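The chains carry the letters A, B, C, D, E and F, assigned in the order they are written, with residues numbered from 1 in each.
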Amino acid sequence: MRTVMMPEMTWPEYAEALESNPVVFLPTGTLEQHGPHLPMGLDYLLPYAISREIAEEVGGVVAAPVTYGYKSMTRSAGGPFFPGSTGLDGNTLSCVIRDVIRELVRHGARRICVLDGNYENLWFLNEGIDLAMREVGDKGVRIMCLQHWEFLTEETLAQVFPDGYPGIELEHAAVLETSLMMNFHPELVRFDLVPDNAAAEAPCYDVWPPRREWVAPEGSLISAKGATPEKGALIAAQYRRDITAAIRREFYELG
Amino acid sequence: MRTVMMPEMTWPEYAEALESNPVVFLPTGTLEQHGPHLPMGLDYLLPYAISREIAEEVGGVVAAPVTYGYKSMTRSAGGPFFPGSTGLDGNTLSCVIRDVIRELVRHGARRICVLDGNYENLWFLNEGIDLAMREVGDKGVRIMCLQHWEFLTEETLAQVFPDGYPGIELEHAAVLETSLMMNFHPELVRFDLVPDNAAAEAPCYDVWPPRREWVAPEGSLISAKGATPEKGALIAAQYRRDITAAIRREFYELG
Amino acid sequence: MRTVMMPEMTWPEYAEALESNPVVFLPTGTLEQHGPHLPMGLDYLLPYAISREIAEEVGGVVAAPVTYGYKSMTRSAGGPFFPGSTGLDGNTLSCVIRDVIRELVRHGARRICVLDGNYENLWFLNEGIDLAMREVGDKGVRIMCLQHWEFLTEETLAQVFPDGYPGIELEHAAVLETSLMMNFHPELVRFDLVPDNAAAEAPCYDVWPPRREWVAPEGSLISAKGATPEKGALIAAQYRRDITAAIRREFYELG
Amino acid sequence: MRTVMMPEMTWPEYAEALESNPVVFLPTGTLEQHGPHLPMGLDYLLPYAISREIAEEVGGVVAAPVTYGYKSMTRSAGGPFFPGSTGLDGNTLSCVIRDVIRELVRHGARRICVLDGNYENLWFLNEGIDLAMREVGDKGVRIMCLQHWEFLTEETLAQVFPDGYPGIELEHAAVLETSLMMNFHPELVRFDLVPDNAAAEAPCYDVWPPRREWVAPEGSLISAKGATPEKGALIAAQYRRDITAAIRREFYELG
Amino acid sequence: MRTVMMPEMTWPEYAEALESNPVVFLPTGTLEQHGPHLPMGLDYLLPYAISREIAEEVGGVVAAPVTYGYKSMTRSAGGPFFPGSTGLDGNTLSCVIRDVIRELVRHGARRICVLDGNYENLWFLNEGIDLAMREVGDKGVRIMCLQHWEFLTEETLAQVFPDGYPGIELEHAAVLETSLMMNFHPELVRFDLVPDNAAAEAPCYDVWPPRREWVAPEGSLISAKGATPEKGALIAAQYRRDITAAIRREFYELG
Amino acid sequence: MRTVMMPEMTWPEYAEALESNPVVFLPTGTLEQHGPHLPMGLDYLLPYAISREIAEEVGGVVAAPVTYGYKSMTRSAGGPFFPGSTGLDGNTLSCVIRDVIRELVRHGARRICVLDGNYENLWFLNEGIDLAMREVGDKGVRIMCLQHWEFLTEETLAQVFPDGYPGIELEHAAVLETSLMMNFHPELVRFDLVPDNAAAEAPCYDVWPPRREWVAPEGSLISAKGATPEKGALIAAQYRRDITAAIRREFYELG
């Protein structure tokens, strides 16, 4: 195979790839602010890059990324206060996922992995998958849905955060995402602009209209000063190992 | 400005760009077969690349491409016979466009150009724009929607097709798209695999289920043998001139 | 058979007609301005009349016309500037088509021809048909979708436009539609009011809000002065011959 | 005014008519079995004809009829047992009504009367009107929704049913509808085929799947033997008087 | 069985109950004004209580009540003039019903009785049921839909209204509902506050915006002074007898 | 005020309550398995009871509970393996929330607290709220959305789990929910049936079709043996204190 990236394949190449009943990855993300130092396409760029690595491991195929996703929430991604955060209605996103999966199944794909990079997407992805499964019926389709950070191990976190892990709820445009971007897309990281902001403090609920004071002016929930390309490579390597293992288990071992 | 590409911008860069009330381009396409020699992402890759050129001319911004679009029809793009062609339901696409425009307007954008690369998208884009306009109300928003090939001039066609233009209805994965890809993404063109197929012959209506015999086995509607990078550059230059002129007229001169 | 028109049939007549597995025609149009000389129901009146003629040829049945269709676009039908143009949302129209086809199939119809008279309807008809086909599954249903003017031959156009055919994009409330109405519904044509307007000039893209200056004050895109009942009869006869032939080929010969 | 029928008007005629802020009638019905003696278009043909009469009285305008409506229920119209009964999903019908009203209001209409002829339509009309009212906001729009038989007076019923009125719940394809059709469309009534069926007996609830035995084989809920054109004229005259009075009261006197 | 109420059952209890293929009741109502003397939850409280009684008779199960239903109409329930009346859009209600039935069928239920207490719900319930039936396909599911007052007999009405029955169209927050509440939920009736209002007078059609004068200031359409707990018990007993009989006939005898 | 429970109020009581611009609580949950010892209505019964307590503290009003919610996921609530778990489609739930909020705002409510008891509901509640906020526009509406367990403090958890807190992801039908039910609805808890199952072990992603082995046969994710009414009272008291404080802060102090 010349490439695992479906948008770069010709259709005969894809047809050939389908013969082995490969895992087809559907990277999902959105267009959203990621602080003053990271590009707004991060949430789909990372899943696209991570999917490529895993697909190369398992002989898979990576579909075009879904570039727009669910709305930014203030506590997890800064909310509507930052120009550029571009959210679909929940049902729109679920329909996109349903439609794309319906089509992948029509092509002959039976193993599909939705690999997400935008925290807020999850439930609308779940719903889209459920709607698709209901529609495609009993064709032996298996779908997996994951958000990459869920795979981070204690070991990785200990190495990435030698001073202690502040928790996933603060990791927007912070050390993890910045390190991963320094690994996959260093040309898109403006490390000189990483803010030194304190950790955001928000309560355990949401309000509408959202409160501006729940998020730092810079848009990152905690400083990314500790990010390095090496940490990014470390995380990417762990993903490559552990997501691959999960893929193999779910699609091949357990069947 | 470091870049006109919104997914590569940070939010403060986008915020700064918005101050000049720029044209925000929304490139739309789909994932679809384009014969044995062209990549399946072509329909969004070309609008993304063309938008970049025009945005650089007019000081615009290019949003993330909409990577999935309306269903392939047999007469215009080969229909469901080729694995990889991945179509959204019409309403799904219209809702994506409506939602993204609603968000761009919320950011402060008032000049939006939907630049499409998938023939079948057009009416669902129109509808998405109409739904968004109804929703955003009287904020002075102006939206333009175009499909790039509509801008081809007699002069360009005469140069690209010295033996006569077979007509736009056959130009799927053919000389125009192949030449443009040789200009913008030469690494994704497998020119050695260009088929030598005869022009497709289809009647003036559609049928369901579609008829396989309306399209060549290769998926291109006519041979792309005549494509060259030079022709691609010629077309791109004409687009740069004429789409830019149209943009200027609609958004700045006429207001 | 007393009549081919389903709204005028009793149900036992329809039941009897269904026994021969006839082509059921679904005429679609809209309520839309057609200049100062043509009635606003034209877009459904013509398909209803044309369907009757073809149905009589092929032993078919004509369902009730769908009287409201997609929105008038400025370049093709004058846009929202003329009171009376009444457009459904795209998804509404697609759902109407989907629902009616689902019901016709439930009745036992297996050959359905959507015969359209409103240019802007096409893609929402396509989508409605596709949604219905997905739903009804594998029952041997075949559907054809056509817009009548697509059947015009070079010969007919040469006779109707002895001074040269200005092109289909200008044929709104112009010579073709006026002649056809003079043939089918002469009592609804106010030929004395045919405007002498010049051909509309519009660019190759759309804008929102639409521009009033893209369409003549009268609403017809070019003058219909050249229309005659004889031309209408000529077109109708060609339709009767060629649409009938296409119907026979698709539903009976190719199966 | 040459005509009150909007589909037969040109747009300047409609524009002129709108100047007096007329009542715009929207006739709604469906395509549905009406026994072996009545045409299946009855449910939209009657409202169209009745609307014309009232519009002529009050200086109104009659829009194109909505030709497809809600599903036939077994107890009130025979259900799915008769080929030809063609029902839209409820939401589809509501969206059609919402869209058409939105457009009439955009034209400038402020007085709209939905005049229905299909019993099952009512609640989906109500909902479509409510959705439209929510959308159009505070423009002074007033909408009336009626089903014509609700206007029948004791006096009329006494004359039409000298042996006693069997009740509206049996009046499908029976004396009232048959008489009205003999008045408005005698050419579409096959009086020789009026069945002599006994009154249908159905319980006070619905079941799915529906029960065939709840409705007579002929599809009419009770015999229409007693219908005459004179009774039709009597009813039509009473409608003309009383619906006109209600229209005047609601749209002009109460404002 | 400890209880017939599904929300109070554990899942193994429900699983056990399902083994006998019981009738599963789905009580539907809404939150709506019921005059100054009745609680706003009445429309779901009554069906929940009635369902319990019938379920105990027939060995059925009562699902959680659907607590929000369709919009209050002025003529039948006072319309939007009373704070507290809380209406869903029609399509929302239909989707709730469709979804819940789809799930009950997935559990294994094959006999489902939608027992409604809000007049305005009916057609959206019908539609939800129809959508569910279309989806679940050929699994032998039977669904019954009823509004409890439709079961009132002449005998009952004669006893409840010794001075004559004013008709069901006035029975909102009036003698029937008040008596039933005095029987099932006496603690929620403020009998001292029953208004002595005259019967509402409304025409035979609806208008938007609705007219305040069509309904008494108190919100009840006629006085409930004649209500007593004994009448409530009488009605409840008749329901228990007759609804049970209908359930038995439809689900067991006719099958 | 006689009661804070809106379904038990008459409309004049609600109207009077609205005068103080109270917080209106909208309790949301679903019908879902909760192990062999807890009732399936738990997820709406608890929020209804908790809302009552908080409403009594802050002078609020409690609307009817939304009794059906989003689908049970295997990792968090056992998934589709247990009869009784009854899930709406995501969009259905969002529309219910949108519609109810729209109506509460129409009543005059400006402070609304969605208090949820079903983990899987959250994002569809968020979306419903967002859709409602977009619709109601600039009326000064403030909405808060919370899931009660998010308020649990370290102190409470230390008291409830003297041997260590196993984490919220296992708390389905476990110690927290069981204790709360023993406090609020002891008659609905079958403590003798609490299973002694080990903690469920599931990976960090979801798969479709779901895997039965990810959840214990009993349906509870970990044993609830440690539950006591005293712990339930403790949690309820902490909720009463801390949720009340949050409500006061958001709706009154911050405004």
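In this text, a residue touches a chain if its C-beta (ideal position, glycine included) is under 8 Å from a C-beta of that chain, and two chains touch if they have at least 3 such contacts.
Because the structure is a prediction, the values reported are computed rather than measured.
S.K.: What's the fewest number of moves from chain C to chain F, given that each move must go to a chain touching the current one?
M.R.: The fewest touching-chain steps linking chain C to chain F number 3.
S.K.: Both chain B and chain F are touched by which chains?
M.R.: A
S.K.: For the two copies chain B and chain D, what is the rotation angle that overlays their Cα atoms, in steps of 5 degrees?
M.R.: Copies differ by a rotation of 120 degrees.
S.K.: Averaging over Cα atoms per chain, report the distance between chain B and chain E in Å.
M.R.: 55
S.K.: With chain centres taken as the means of their Cα atoms, state the distance from chain B to chain C in Å.
M.R.: Inter-chain centre distance comes to 29 Å.
S.K.: Quick check: what residues of chain A touch more than one other chain, meaning two or more?
M.R.: Within chain A, the residues that touch at least two other chains are 89, 91.
S.K.: Please output the residues of chain E touching chain D within their complex, sorted ascending.
M.R.: Result: residues 70-71, 73, 89-91, 94, 120, 122-124, 126-127, 129-131, 133, 141-147, 150-151, 203-209, 211, 246, 250, 254 of chain E touch chain D.
S.K.: Which stretch or stretches of chain E touch chain F in the complex?
M.R.: Listed in rising order, the residues of chain E that touch chain F are 6-12, 14-15, 18, 31, 33-41, 44-45, 63-68, 80, 82-89, 91-92, 95-96, 99-100, 103-104, 106-108, 188, 190, 193, 219.
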